[in-house]
Amino acid sequence: MNPTELERILRELQSGDIGVNDVMERLRLLSFEDVGIARIDHHRTLRQGFPEVIWGEHKSCEQLEMIIGRMANGQQNVLATRIDAGKGEVLCASFPAGEYDPVGRTFVLKTQLIKATGRGTVLVICAGTSDLPVAREAATTARLFGNDVEELVDVGVAGIHRILSQSDALGRASVIIVVAGMEGALPSVVGGLVAVPVIAVPTSVGYGAAFGGVAALLGMLNSCASGVTVVNIDNGFGAACAAARINREHCA
Amino acid sequence: MNPTELERILRELQSGDIGVNDVMERLRLLSFEDVGIARIDHHRTLRQGFPEVIWGEHKSCEQLEMIIGRMANGQQNVLATRIDAGKGEVLCASFPAGEYDPVGRTFVLKTQLIKATGRGTVLVICAGTSDLPVAREAATTARLFGNDVEELVDVGVAGIHRILSQSDALGRASVIIVVAGMEGALPSVVGGLVAVPVIAVPTSVGYGAAFGGVAALLGMLNSCASGVTVVNIDNGFGAACAAARINREHCA
Amino acid sequence: MNPTELERILRELQSGDIGVNDVMERLRLLSFEDVGIARIDHHRTLRQGFPEVIWGEHKSCEQLEMIIGRMANGQQNVLATRIDAGKGEVLCASFPAGEYDPVGRTFVLKTQLIKATGRGTVLVICAGTSDLPVAREAATTARLFGNDVEELVDVGVAGIHRILSQSDALGRASVIIVVAGMEGALPSVVGGLVAVPVIAVPTSVGYGAAFGGVAALLGMLNSCASGVTVVNIDNGFGAACAAARINREHCA
Amino acid sequence: MNPTELERILRELQSGDIGVNDVMERLRLLSFEDVGIARIDHHRTLRQGFPEVIWGEHKSCEQLEMIIGRMANGQQNVLATRIDAGKGEVLCASFPAGEYDPVGRTFVLKTQLIKATGRGTVLVICAGTSDLPVAREAATTARLFGNDVEELVDVGVAGIHRILSQSDALGRASVIIVVAGMEGALPSVVGGLVAVPVIAVPTSVGYGAAFGGVAALLGMLNSCASGVTVVNIDNGFGAACAAARINREHCA
Amino acid sequence: MNPTELERILRELQSGDIGVNDVMERLRLLSFEDVGIARIDHHRTLRQGFPEVIWGEHKSCEQLEMIIGRMANGQQNVLATRIDAGKGEVLCASFPAGEYDPVGRTFVLKTQLIKATGRGTVLVICAGTSDLPVAREAATTARLFGNDVEELVDVGVAGIHRILSQSDALGRASVIIVVAGMEGALPSVVGGLVAVPVIAVPTSVGYGAAFGGVAALLGMLNSCASGVTVVNIDNGFGAACAAARINREHCA
Amino acid sequence: MNPTELERILRELQSGDIGVNDVMERLRLLSFEDVGIARIDHHRTLRQGFPEVIWGEHKSCEQLEMIIGRMANGQQNVLATRIDAGKGEVLCASFPAGEYDPVGRTFVLKTQLIKATGRGTVLVICAGTSDLPVAREAATTARLFGNDVEELVDVGVAGIHRILSQSDALGRASVIIVVAGMEGALPSVVGGLVAVPVIAVPTSVGYGAAFGGVAALLGMLNSCASGVTVVNIDNGFGAACAAARINREHCA
Amino acid sequence: MNPTELERILRELQSGDIGVNDVMERLRLLSFEDVGIARIDHHRTLRQGFPEVIWGEHKSCEQLEMIIGRMANGQQNVLATRIDAGKGEVLCASFPAGEYDPVGRTFVLKTQLIKATGRGTVLVICAGTSDLPVAREAATTARLFGNDVEELVDVGVAGIHRILSQSDALGRASVIIVVAGMEGALPSVVGGLVAVPVIAVPTSVGYGAAFGGVAALLGMLNSCASGVTVVNIDNGFGAACAAARINREHCA
Amino acid sequence: MNPTELERILRELQSGDIGVNDVMERLRLLSFEDVGIARIDHHRTLRQGFPEVIWGEHKSCEQLEMIIGRMANGQQNVLATRIDAGKGEVLCASFPAGEYDPVGRTFVLKTQLIKATGRGTVLVICAGTSDLPVAREAATTARLFGNDVEELVDVGVAGIHRILSQSDALGRASVIIVVAGMEGALPSVVGGLVAVPVIAVPTSVGYGAAFGGVAALLGMLNSCASGVTVVNIDNGFGAACAAARINREHCA
């Protein structure tokens, strides 16, 4: 809203064409400009069936049950991440319609049908089987955000033919998430093979000088393949959010 | 596919049971895979007028002149990054048609018209004036890769109204590059305001505990705004490559 | 001043050449200084109802009970920090007049009325709900040190309107403590909005490249908002002490 | 401004008591609520004779001359920090009324009289003579922000009597800035001697395991004296800003 | 080779100008390259009785039992590393023919006789008794890879005569693995005494500034004995793999 | 022993002045030059009643019992460090003559009287009560190595008068061990007050940016008091060994 | 040599069967057992034409000329590493028979013919052209140590077909040195393709989070290809020494 | 003791109830303590001919000339450390009686004869020739502090016989300073060979993962030889101060 428009509204009020309440409603959108952007975001969430997401790491079962219950009543899809097996069991008992994934440590409760609305397929690639929990968290999140998701597991660079033999899957994807621990080299190889966006996720898999994922993180930040971007260590959820931003049909 | 199987296929061709096209189709899957994908990439580069890019940091003027000359002869657009003022002067003398940007430290030599072919506008946001070189490198690169680019400078979070008053520019963008040094907080704010992809670029601006960009890098990797991705410190070029991957009209 | 000189002064006193006051003036400069300052500090503590504080982290229940008991007998208010739930239960049984706060992990035993004597309100702002334990420790400590305290929770920068809509609370404060984990960006935003002192407390909330609070700590040390000061990771207690120093009515 | 007040204004417009322009002027203050806070800050700056501050580190002489000239025309006091000797000479030639301090590396151009308006004296303590540049930057800045400043030099902890013999100066201060490199122990000693706010500034003085100020920074963050706060390495300017926030007469 | 050329070759085959073998030879160079090399590697594994190796760290007993069972059925030798005592007990019950080593934390199931086929002896030297688990993992792995192995324990540099009195063992070895924690100095001494390859393995033994093996790792990377190479912290398995690569009879 | 002396001995053998056994005894000292030095050390250990020391951290009760039993049979004093409460209980049951110290986590079994043979008193100073375990380990070790030991507890620099009031104890010491965590500033103060050797021991006491003792370690390495030396984090034992080396009556 | 043998020798002296000189010669070998091993090494050096190597980094032209002159007089081949262009010019003037390589920064002066005596070819692979100096240093060193050397340049993983198309060169090598900066991923790919020893050399090529080669170093230490070993950052010389140890014809 | 009590004591003296000695005894405990100790230290300095020491690193020639001149006038010996060649030339011109050592970068001006007063010889051992500057600084400092000094150069652990052949020098020393860069292993070997105090000095010699001396520092802190103490990187001066403290004839 620009000053011209504002002046027009105020003159309508002055002339009696509209009432004080009308102006206040419009100004509410104006004065909370930032809120407005966020609120539009909120509307989009409801409209597109995007789930509300809960970071379960530090929350008790009681807290999780309360939050999930309230959201489900609001007819929203719910995604809780970083749910360990114990909490998963409790949540499944409380919400029989929910699904717990012990690999990706996610709990999902769907109250709305999710329709894949993205521009194409999100491909989640996983270097080793130990990286699977992070990859699965990314895949589950991306699906709940309305994307078609395909998964490739155990295609690390020490056996380079494994990823090379997957050119079809690579060619189908509109955005690729590459999950790898240890030296984190896979995103460089994938980034050199494809022209679509590549999001690299370092994992804490490894020991010694892996430093809990730092080696993989640094490797990915220094990728010699141009245009690879990186998220935090073990942040499968964040990678999926980035992929969903990229894969949206209407970008602006 | 093992040698036995390959031999069987070739014998079928020899015997006329199958045709050359059948074999080629099968061999396409078998061989070239990597090469093929890379070559397609190469074709795309030529077809779309993408420039060849030279990392000028460690190259002498002689090396730069040789490489740029050869590329220009090949009717390619050329982008050289990390060109200091001294080298820039030399290159401008050697290639009068070229343009040197002392802020972004880039040298560009266009032999082909560049047409913006992306899905929308790439917005490059810059927290402080000291971050401008990195932002400019990103903007120049993105333009040469065929994107419309818009720039916002000096909208850091310590004066939060500066970015908030730019909702129009934020709303126009299909992908946003946010460049910031020091504490690197701006991508979190921007990421919370928009739904499009946000690429964060930490810069080495700062001193003391900024540790040459590490503080900004860590801040961005830990952004509380979901789906922000990060590239290496001062890597404006890489951010533009990522933006170009995202902004391509046809994604897969 | 050496022993010879001292002896000379004392002999002058003995002989009546100088008086007691002359000697005391000279000795005041010479002696006590450190002890005196500390003792005055001690007196101030008792006079203002400041609590004695116990760092409970490495202490056993027996040790805590002994120390708290002795202090309470001395008619002092007692604050014990870093008290886990198990120790809290034991202490509540031993000192029924005490209060345990499981969120802030503090145990408080008041034997004296606390009167807010500060210049204004200490505002404790908390970026996310996971940062609440540290914020609560700060709030409890500040109250026991004789300050009016106000709290704001979950106003992180990814939804920037949340803090912007709190301009009233920001305007009421005479000193602000900002508690944040992950990228630790909130103090920069707050520091840009207000003119009063801002104390930033990084928390260990986060994972991966948060490095147990290092990302937030570095972010805060590099804040682009001038005049933000920082305390140790998770050190809500220290932030409150700093706020109490600032908020004292008579400063020198 | 709350909704009630907004409604009142709009009704005055409706009733013709005020005009559209009046409302637009007021709404400008409303809709840019955040800006408002910053603008008030801006007004305060002009009113109190606070200088505009320029970080000179990465700026050329030409850029500095342009900015300083424009500010001086606006009748503002100007402070430029991190000005090396070469730039200082140039600026002194361009602005003969200015003063360059080669120790603190500051250039000051006063167009307005500065009146000390703080609650008390800002005491700047400096552990060793090598820390003097940072301490001087802090002192110069604090003075220009309207504070009485006192300085103590070379009172490091290896000769503990040096700081102990300064109890008078310590007792006079309303806020103390302690500047120290190497192990950074002085703020702990000072923090234990006084009850007023103590701001610690680590410096990059030292070698080897000093790691450019990291040892001093960590020492200060872990100070056993409660309520010591810390700013970035070598950030004398920031410490002075914090001291000025604390020392303001009217805190909220 | 491009598709045109490939088509030409195939048409020559079709027309009988060249034979199947000619095509296969050309395609061998063209295709498979990576796959082929990897496959040959796989053949070598089976042929030489090399074990398949399972990294047991993050695998459950069920997963381990499944994988080991399948491998054993395939008449392969099996090595599982990082097997704690609990898992070891379970595996011994499930596979009575297997052997669990609680020191080296390995589980071995031999279905094929292992014949030492290396060029000489692999000597595994261990600085202190606390480094023994890593040394034992290296020794067990090297033996299963078909090497004669000799072990020396507790010959750290603080009692330098201990390693000096072992010149016979040093002289017998064709490759030496040196395992050490704390300051990791032993490889430098050994590297100076012998002319054969020396592989250094830092261990996480130590405390404080040992930083979980970082001190030993850095010491080894900076060895003043030329030609010492290093593997990851605690990576006895990797050192043995490197030794086996070196000790192979036919090198190319 | 130089070649001349060797030749003389051999000529005495040749001439029959001495026998083969005489030469062998002398050569034993020569040929095992390094061993010899170590063995003399061993003899000194027995002669001076020095204990054998066992690092108990990674050893099981069974291992500890076996080693202690064998040593005690050899009429040696035994010191085991890093013995937790559980192991301590077991050892006390097995060796009723032994003493377990739960604070310093040491187990001592004396079979020989220890006589203080050092040049003077070893003073062990401890900044805070949380540093007591490390200080106690140092004190116990120093006593068993034949030194008179005096202890000072809780004299940290935040209350500087506490250490200043201890000038008598400081003046009595021939070597001082200073144990401190957090910012590790106490050794600088002590080093400035005394002329005798000062050994600084950083402890892992603290949280957040204490980084497990790194802050204290760096502080001590950068001490502005000349001639302070440092040992590893929490290494009370090592500090006592250094003190015992210094405090020996006959130095060379 | 054991005591029995020693006794036998002494008895022969006693009986006059051998003379004092004979015994002294033998004892020299005995008492300097360690020296002996080193001396054999020294003999090997002369015999095999191995060059003496000078680390030129911190040496002046005068020092270099003196050392090289003395060595050349001794008829030894000389290799000086880390010789910058300026020093190279001086050395070429002083020793016209010498060769300076500006890429690898080596100066070589051959006085003896070098014969390749290794088991096979040392292949030096270089990820990018910026890594060439380190690779060239390795190649030059390996050649001077008597190895056939082959070089591959610019085969980084972002264009994976580049290394895959080099299977012939990979197949010919008996040991492979892989030099890479940035993310250091190439050794993992190469290690997965070959069965011979692979020595990884991280380079300081890169910027930002490359941290002067740390990213590459960590990547290589965490290589998922088993049996890859690593040397220090930019240590092409050390890698060549390791390769020479491995490639020696007679291993023990 | 509070002022009231002090006044009472003084009045008793005035009235003759107690004598001057009684008051002095009480005041000794009360006052001076710190000052006194420091002053005694100062007296000792003058009495023993110890030099005043100037850290020349950040001082200009003018500052150095002024300070040295003033000290020399006071008939004190002067030691200036970290004096580069340019400053050394200037100082030699200004003070012809002074001596500049370009290796150790020290400038010494003796006005008083120095007499070796220590208990024995200080042995300074240097691992490599590149470590010589730090070793020389230590040797020069120790001599000026009144110690006999012996030096051993280039006895690093990669040729272990070099240090082993120096048992005579090792046996003569009453305290040993060991200077080493790279992996810093020499102090462990020396510490295992001798019973006297060993002070380890890490140097910044090395490259890559030497991290400017961090590798050597960590190696020394983790030395497996008990009782080795460590000073800051390149701190030859500090090691000599520690050695002088240890080597004093009268320790308390």
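Here the chain labels run A, B, C, D, E, F, G and H in written order, and each chain numbers its own residues starting at 1.
Heads up, the rule we're going with is that a residue touches a chain if its C-beta (ideal position, glycine included) is under 8 Å from a C-beta of that chain, and two chains touch if they have at least 3 such contacts.
Only a predicted model underlies this, so the values are computations on that prediction, with no experimental measurement involved.
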Required steps from subunit B to subunit G (each step between touching chains, minimum): 1
Most remote chain, CA-based centroid, reference being subunit F: B
Option reproducing the contacts of B-G, where over half of them reappear, out of D-F, C-H or A-E: A-E
Chain centre separation (subunit B, subunit H; CA means) in Å: 55
Length of the line joining the C-alpha centres of subunit A and subunit H, rounded to whole Å: 60
Distance from the mean Cα position of subunit H to that of subunit F, given in whole angstrom: 23
Subunit D residues counted as touching two or more neighbouring chains: 33-34, 38, 159-160, 164-165, 192-193, 208-210, 214, 217, 221-222, 226, 232-233
All chain pairs that touch each other: A-B, A-C, A-D, A-E, A-G, B-C, B-D, B-E, B-G, C-D, C-F, C-H, D-F, D-H, E-F, E-G, E-H, F-G, F-H, G-H
For the subunit B and subunit A complex, residues of the former touching the latter: 29, 33-34, 36-38, 41, 44, 53, 119-121, 164, 167, 170-175, 192-199, 217, 221-222, 226-233, 237-242, 244-248, 251-252
Subunit H-facing residues of subunit G, complex: 32, 34-35, 38, 55, 57-58, 202, 204, 212-214, 217, 232-235
Of subunit E, residues touching subunit B in the complex: 3, 6-7, 10-11, 13-14, 16, 19-20, 23-24, 27-28, 30-32, 34, 39
Residues of subunit B that touch subunit D when the two form their complex: 130, 159-161, 164-165, 205, 207-210
Parts of subunit C lying in touch with subunit B, wherever the complex brings them together: 127-128, 156-160, 164, 182-185, 188-189, 191-193, 206, 208-211, 214-216, 218-226
